[in-house]
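Supplied in structure tokens, the structure appears directly below.
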């Protein structure tokens, strides 16, 4: 399904240099692009690859225009990475449009559910009593929208998403397969060596334009709601505990765990496998490196890390053993410093 | 659905001080409770909040009775947190009772399965040959109870739980959406650079009063069964490997990984994101901090931790680089100590 | 369903010593095996257990033949662990054969899907347009094979597996419950404080003889495909980001996270809970310990580790506090060394 380069520029803007009729087969990575592919170069530091790529056309910033034009067709734009993102969206809509919406006869939709216009409900989906599905939303196979839950306009639940009772998903959200919204938070009161369940009476409220990755879980609140604000992006296999707030436009990579009642600001990034302990506050604009454990509130924006450096195993073993002596080493060093201070002639001894 | 304060005390006990007719709209957190809400203060160290909360009524211990009564209605009880837990259970049962049980016509139930009294089976559930579902159990939509598996009385499988062949779940258990019980353990024999599968011939046995969080996995044993004892509470996205034993009333927070054949005692707590390596033994009453890696058996009860402290990234980089020199630093310190010992006059030199 | 020992040896080879008519009830662990069970002893270092086990028969290497034969029946074979793996496969096929294949009437199979011979499709499975299911494959309940996806001959999808559009699974693969293949990779371009989605136009290609554990996710590529090569074994709850390559016969334990575009070689092993950051290259034969974070490419085969050693909490607190001073300690040590060097008589002072 080839597309002329000029058609792309007509749709998405940018300055076209070269043959508008050039036939493009797909957007491709710079390294593997062929003569009928379009690739992007976001930054001047990748400029060296311009000479070697086989791409038929390049999306480049003004600073690389001359270099790119010297080798062939290009689209010049201020932010090539953003342009590329929009190209992928346009490409998918053009070449791989969603099938027409229909409510499959093998779905179970409660008669009291309110279903908007143009809603797609796939086979074996279950829409329970009092649920509301906004216009143009798509509910995948084996997804459950439980009692009183709501899905906003244009949102998409891939196959096998569970949206728990009374939980809310905003507009234009994407929930991938295996997502569980609104399972019970982990709350128990200890009593004579056993655990007494605290029923989780809150729900989950998810804003607009949120994307949630495969098998990620967001637990319902104990009393108040767990809140995911607008524009948040969560990768796969993330755990969000009860009563957490994730501020707008914060992004978390895969396998992050956020314990209960953590309050995470807006515009944060949390690296893969990081853990945020419970009841902590992270300011807006906090960036946590992968696999780091946030054990205290972080009230200043910035970049934070705590991660054991990897090494060959033999070196690690020695250093790890020494690490268990570290405080003792510190005391020994202090003793040495003091001994040395006493042994040395003092200034006024001269 | 307001409830008079006196009705709560009639049902759950405690000493009521104040107006029994006070209308309560919901149990609420102390910080956000309003004049028609009931909140709890578990410990004297939260006493300062008694003055500022807007809660209509408070659940307090005897030590805070005078202070609480001075500002309004209260319920006095020895363990306010436990009272609050019971209140949430009573509240849910009263205000949000489960719908009557029914076997939905869109479920597939094998004729050889044995279904107890008052069992609820939701649409698209699959109950295979020889499975047994105890009285009053509830099987959610898209859940599978495979061949020969058993679910005890009063247990609840939320939508989309897989209970593998021959696995057993006890009475009054709760399994949240996405739980997988009885997938194959990870067992392979190496052979000429490839892996030969070891069929996992064991099953999973889960005791009574166990709760298992969303998307958590418990693998079947290789030969004997994997065992989760009574009263265990597992949070979301936990991995329990084959042949593990988790002792009674142990609780694990989200994202924990327990490798095969680990033997974890009773009344333990394992913090979020912690890893327990295989074939280790943890005594009863071992408490492991979040994100710690248990690399050796722990035979004494106590609190154990291993976690890289988080820091601003620049400081972390310096310290992490030094960490790779730590054993060398230790040797250098020793050399300094020896040099200093030789340089100093010995006692008998005097 | 007892089986004569001689029947096992007839099927699987090895040298039988003792009574071929001995009735075996099951393969069992050495420690818990009874007089009608068969167990294995893989290595000479477990030889001490030969005297104490109650097992009716033992599978042993030649070096242990005399010792094993002195106490009862045994099968002598060069690689007892491999023999045991094959025995479990044979045992399952003999005692617990799969039911005959059928396409359940409650499955939804698109008329344009191509279904091979002897394919089993369980209730509520969904096979979309243009999908292809190879001969003898088995598709579990609630599994989805999306548009244009392919499943190779003899592969098995357990209940509740999602295989995304255009993704490919090779022959003889096993995908456990909750697996999600082909959810969108995590790709967004930042724009004015928000995130613009990069549509993920690639797919996932999985080779032959791959096994993927419960609730594990493999994301589709952004432009090119994510690739899992032949013979790879992934445990439960693993995250494989977009554009990753996992080389042939590499094995990963539970809860591993691999970030986007990582290129992992063949014959690697990655321990449970480890994290591999994005865009890194791991050579063939790299072994990463559990819970280690790979932050740089590793181009030499070998064993690598980075993991904070666990300790009692009080000791950990002291050492962790000192760790934040480590670079400062290093500088202090250097100062001490210099002071000492100046204080000491130089060789030519003598």
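Should a chain be cited, it is by its letter among A, B and C, assigned in written order, with residues numbered from 1 in that chain.
Here, contacts are C-beta pairs under 8 Å (C-beta built on N, C-alpha and C of every residue); 3 or more make two chains touch, one makes a residue touch a chain.
Note that the structure is a prediction, hence the values are computed from the model and not measured.
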item	value
For subunit A placed onto subunit B, the superposition rotation in degrees, Cα atoms, nearest 5	120
Interface sides of subunit A and subunit C: same vs different residues, half threshold	different
For subunit A paired with subunit C, centre-to-centre distance based on mean C-alpha positions, whole Å	25
For subunit A, residues that touch 2 or more chains besides their own	124, 142, 160, 178, 215, 237, 255, 273, 307-309, 311, 321, 323, 325-326, 329, 333, 336, 340, 343
Interface residues, subunit B side, partner subunit C - complex	108, 124, 126, 142, 144, 146, 160, 162, 164, 178, 180, 183-184, 186-189, 191, 193-201, 215, 217, 219, 222-224, 237, 239, 241, 255, 257, 259, 273, 275, 277, 288-289, 292-296, 302-309, 311, 315, 318-319, 321-323, 325-326, 329, 332-333, 336, 339-340, 343
Sites on subunit C touched by subunit B in the complex	26-29, 32, 79, 81-82, 84-86, 88-89, 91-92, 104, 106, 122-124, 140-142, 158-160, 174, 176-178, 209, 211, 213-215, 231, 233, 235-237, 249, 251, 253-255, 267, 272-273, 290-291, 307-313, 316-317, 320-321, 323-327, 329-330, 333, 336-337, 340, 343-344
